[in-house]
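The two complexes that follow have chain A in common; it is paired with chain B in the first and with chain C in the second.
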Partner chain A sequence: MKLKRIICIAISLVLVAALAAGCSANEKKGESGAFKIGGTGPLTGVAAIYGTAAMNGAQIAVDEINAMGGIKFELKYEDDEHDAEKAVNAYNTLKDWGMQIFLGSVTSTPAVATSAEAFNDRIFSLTPSASSTDVTKGKDNMFQMCFADPNQGTASAQYIADKNLGTKIAVIYKNDDPYSKGIYNTFAEKAAELNLEIVSTTTFTDDSQTDFNVQLLDAKDKGADLIFLPMYYTPASLIFQQAKAMGYAPKYFGVDGMDGILTLENFDTSLAEGVILLTPFNADSNDERTVNFVNKYKELFDEIPNQFAADGYDCIYALKAALEAAECKPSMTASELCEKLIGAFTTMKFDGLTGDSMTWAANGEVSKSPKGMVIQNGAYVGLD
Partner chain B sequence: MKKNNIFLIYGTVIAAYIIIQLLMSAGAVTSSLRGQLVPICAYIVMAVSLNLTVGVLGELSLGHAGFMSIGAFTGVVACMSLESALPPTLPRFVISLLVGAAFAGVAGFLIGIPVLRLNGDYLAIVTLAFGEIIKNIINCLYVGIDSRGLHLSFLTNSDALNLEEGGTVIINGPMGIAGITKLSTFTFGFALVLVALFIVLNLIRSRAGRAIMALRDNRIAAESIGINVTKYKLMAFVTSSALAGAAGTLFALNYSTITAAKFNFNTSILVLVFVVLGGLGNIWGSIIATTVLVILPELLREFNDYRMLVYAIVLILVMLATNNATFKNTLRELVNKIIPEKLIKRKEGTTDGNS
Partner chain C sequence: MTFLSYLISGLSLGSVYAIIALGYTMVYGIAKMLNFAHGDVIMVGAYVCFFAMTRWGINPVFGILLAMAVCTVLGVIIERLAYKPLRAVPSLFVLITAIGMSYFLQNAAQLLWTPNPKVFTSVVGNASIKLFDGQLSISVIAIVTIAACFVIMAVLSWYINNTKMGKAMRACSEDKGAAQLMGISVNLTISVTFAIGSALAAVAGVLLCSAYPTLMPTTGAMPGIKAFTAAVFGGIGSIPGAMIGGIMLGIIEIFGKGYISTQLSDAVVFAVLIIVLLVKPTGILGKQINEKV
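Showing the complex of A and B:
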């Protein structure tokens, strides 16, 4: 018995030693003269499409910048499965790798957890798309590339009122998703202020996101002519389908989570015809950089990039601009870079794919103007 | 080998703690492993407590994460409400743990009354349902605090809490809690594991524990000799859920955010996998299985997208291997070859005499 115990302890020792062995390179600075940038995102699971898009977008930017000469980047993405616990694990793995700048987490819930870690470790973070205000709240080194949720809700209500898109509005939102709920709350507030009439408000959760007949019937009975859908596109695609099946054809208005619906597998794009969405990125824009980016993305990944990809791309370029402005070197430690980048980000102006002359407030929120887009003939077309 | 040798169990846990502490002070522990120490402790407490229900009481529970969730949310609410009144972390942490455990225990008692009237598959399904009910209730729960005290609401948004100026929302419905101050440390986690082990092992070895095991082995026979079925079943179930609650608090206080969705059916199953893999009723097995299975996905990060697939395959192989007589014999022969048989026999003889 005793011997067995000793063996067990010996085995656990060996295991622990093996684990620790990987860390000898711990906290090393960038050796090859490149800034080490890490990010976490859902690369597998239900939200994988966002994580992969942001990662691919960022990778394109890194490749371009490395080819240019000058500043060099090394990018590493770790899977967080859209879960706070896994995201912290992924973040720690990146720290072992020697990450100097953190690209945050792609989705909100994991980002809240990882941003707290990055705040404690003094690693500068710029998230491409985690839009919850809890991500940046109280953390001076946390910045967002996307709109914060409240801004999206307000902007959507404003847009609907300005363009007179609907008189009777129905809202369907996901009750257990901070993203969806955050947008809904501010949308409802702003709508009341603008005297928009919301006739029907219905919800769903993760467990009930396959059947929307009840919600749609409610909207139909109350005569809604526009349905506001602050949600990701997977449930939205089912809503379009089920509404069509019941012969109900209102206008739809989505937010940035709707972006990407056209690349959803097995989705009949004619269902999304006429859907209006508010997103900072327009893949059909004639702007030279956007065209370049879209072509490159299509070539490499065989699909049209969505807003997440553009956000990832912009993040890397914004970091490049800030690093250059603050005259940072890859040999600096993460906390040195952090202080310099905070200074650079709050003072600089940045032109990217997702907006012109973006600026960042000290609380980490970005200021840029959303673009209204409508889906026509299976493609996104700018509304303005 | 005797099941649940207490020296082996405490020895492993304490040795692991000392080794990790030594390695940490030498700076030889990766951030990745360091970040997982607290979750490992929390999951060990979960597995040990579930083993009490599944292995010792012999009732399959599929809603264990529900109790973890109750402990997590009530513990964090207690912790955040006491922040100004009780700044030192240790007493605040202990009180939060006790609050979490108490609430989960009460929930376990309330749920246990109807649930434990059932047996076998029916009980499993009802616990599953209760786990989901807990998740959904927390999903529409709003709790805030201001100078007048705690406010609670079941309505659809946090405005209904009528908080005073300067009040803060703690539980924000489906968005859960954000902005938790991290209090959990490896040492706290380790202490909780020891406490959980102490409670569970002593319960198993007590008079009550023997009654519980008698119920598992033959309920009718146990009843016929006058064992109070409801009482002992509830005792095991409530202890198990209270410990799960404490584990939940420990877990939640290690992250800056928690949502009710985290404690879903999958988490219950995950903990059940730890228990089954470690062996029903085998506490030491639960500890080892939990540690290995929590670390494994992180070690498999090199496989990128295929990591969860590899994890599943490893899990299946381990399950098959540990239940395969030929494999076990080969392993035993291998061990015997390496270590002279005489030595093992002598050693086994001496310890068995002692315990």
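Showing the complex of A and C:
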């Protein structure tokens, strides 16, 4: 028993020492002449596709900028497994490393947690893809590179109306998911305003995301010619398969969660033929910067980059532009940089892979126009 | 026509629940324990069949047989390692061990096969039969699932009522101590029960993923819980009960979605379950057990 107690005391001493070491490391600045940028994202686990893509995209941008001369960056990504608690731990690890600028978290749930920390610590933060409005709400130093959720719903309705894609619309959304429900709510509002007719609205939950026959039959019986699917690609793949089995072939319209469906292992891509999705990035574009980026990404990671990769890439270039505009130096502390960057971001215009002349509002939301894409022969093709 | 479509969807979903529920109910009836890892054995079976078919290009029939073999071995190993040492302790401990085993299998699958979803290729193809000028379409997999469910139930009932091992199972189910005194090897009987239950789980996994082709480490979890509900619904421990419970659960779920509300379908299912259990506390076909004082 006594031995146990001694061991306990020894362990707690070691832990206290480790904490103290952590504090002192905290005060380090970027001495190497490079800005230290940290980010967290799911590099393993269910959402790993998103985290690794954002990290890879950001890394390509960092390597390019470092090779140019001038501003230098040092990038470090920590795994948060799409979990809020682990994200805060990852954030603390990055702070100990001496992070001066934060790339936020890749997915919304962890980003809500880490943004609260970054707000208290006054570390400037720009997330590539956490789209929930809770990430930026009430925090002056939080900015987003992606559309906020409500904008996706509005933009989708606007796009369907502008292009005359459907006259009778059905919506299937995931009732227990704030992402899906948030997009649906703004979509329905905008659709009413634009006189789009929604004939069928059905839902599913985490517990019932296998059988969609009822939802599809309802849409079919009411004569829907377009189904709007604000959801991730896994349930969507089941919807395509079950609709085909019942001989129902409407048009499908998805949002950014649909991006990734073509990389689903063993997925019959012919099922997704003709699916339209709204994403800010089109890997198929002829734009020179996009072509370069896509080629580099393919060469390094052996796959076609999705919008998360492009968002990560744009984040780094937007930071570079802002740092240059505000004449920042790597020797500044995180909080000094934070104030300067807030000023730069709310006043600058930025051209990136995911949009031209992007601007940021004081609440951290970005304004950019979405691009319509359609899946043809197993690849994304730009509609505009 | 909509009614018929719903009915067929319900029958097909219910048959999958029923096959899973057969495994639950058999293990419960004989070993008197709730094997919560059953749903995850289904997932393992589906993965084995998936790799056999798409990675190694094996014929689907052999894929199913391989999955059954792997699951049988897995079921027996789980029983030996996790449940057998706990045979003498109160059943609550075994229940918790079973939940732990379920998480272990899910996490092991995440490590081995990554959590990224895979799309299962249906073992019978994606064809469907069109009736009434294409107004009603029935997928072949739905027919196969419903047929498989009836065949499995018939064979299991025959096996338990007419073979020597079946007799041993019934004896163990009634009184383990007395069965042992009569010269029945209780351990062997329970192992055989697990072997059969796990082989059925492999079949259920393949059929489940053929009908709803997303395969992830958590694929078996929710159907497992629904099937457990079905087993309780039909009267846990009763083989025809599991079948009736499974099919009714599937039909109520689909009708609830179709005629009441997609948002309330699970609430409808469980409301019906509560009403049934209030009227018949042992389930539809459950045995009335008289407490001996």
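The definition used in the following text is that the second predicted complex is superposed on the first by the 365 of 384 C-alpha atoms of A that agree within 3 Å, B and C clash if a C-alpha of one lies under 4 Å from a C-alpha of the other, contacts with A are read in each partner's own complex, and residues count from 1 in each chain.
Here, a contact is a pair of C-beta atoms (placed from the backbone, for glycine too) under 8 Å apart; a residue touches a chain by one contact, two chains touch by 3 or more.
Values in this document were obtained by computation on a predicted structure and should not be read as measured data.
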Is A:N89 touching the first partner chain B, the second partner chain C, both, or neither of them?
-> first
Answer with first, second, both or neither: which of chain B and chain C does A:P178 touch in the superposed model?
-> first
When the two structures are overlaid on chain A, which partner does A:T210 contact: first (chain B), second (chain C), both, or neither?
-> second
Regarding the shared-chain residue A:D268, is it in contact with chain B (first), chain C (second), both, or neither?
-> second
Given the touch rule stated above, what does A:L43 touch, chain B (first), chain C (second), both, or neither?
-> first
The answer to whether chain B or chain C touches more of chain A is B
Give one of first, second, both or neither to describe whether A:D256 is in contact with chain B, with chain C, with both, or with none.
-> neither
Partner chain in contact with A:D79 - chain B first, chain C second, else both or neither = first
Touching A:D134, do we find chain B (first), chain C (second), both, or neither?
-> first
Which superposed partner A:D314 touches (first chain B, second chain C, both, neither) = neither
Chain A residues touched by both chain B and chain C?
-> 44, 175, 205-207
For the chain C and chain A complex, residues of the former touching the latter | 2, 5-6, 9, 13, 50, 54, 110, 114-121, 126, 128, 130, 134, 137, 139, 212-214, 216, 222-223, 253-254, 257-258, 262-263, 265-266
Enumerate the contact residues on chain A facing chain C in the complex.
-> 44-46, 48-49, 175, 202-208, 210-211, 213-215, 217-218, 221, 234-235, 237-238, 241, 244-247, 264-268
Which bits of chain B are touching chain A when the two form their complex?
-> 1, 5, 7-8, 11-12, 15-16, 19-20, 23, 27-36, 39, 132, 136, 139-140, 157, 173-175, 178-179, 182, 255-262, 295, 297-299, 301, 304-305, 307-308, 339, 343-344, 347-348, 350-352
Residues of chain A touching chain B in the complex | 1-5, 8-9, 12-13, 16, 19-20, 22-23, 26, 43-44, 78-79, 81, 83-86, 88-93, 95-96, 109, 112-113, 115-117, 120, 132, 134, 137-138, 175-178, 181-182, 185, 205-207
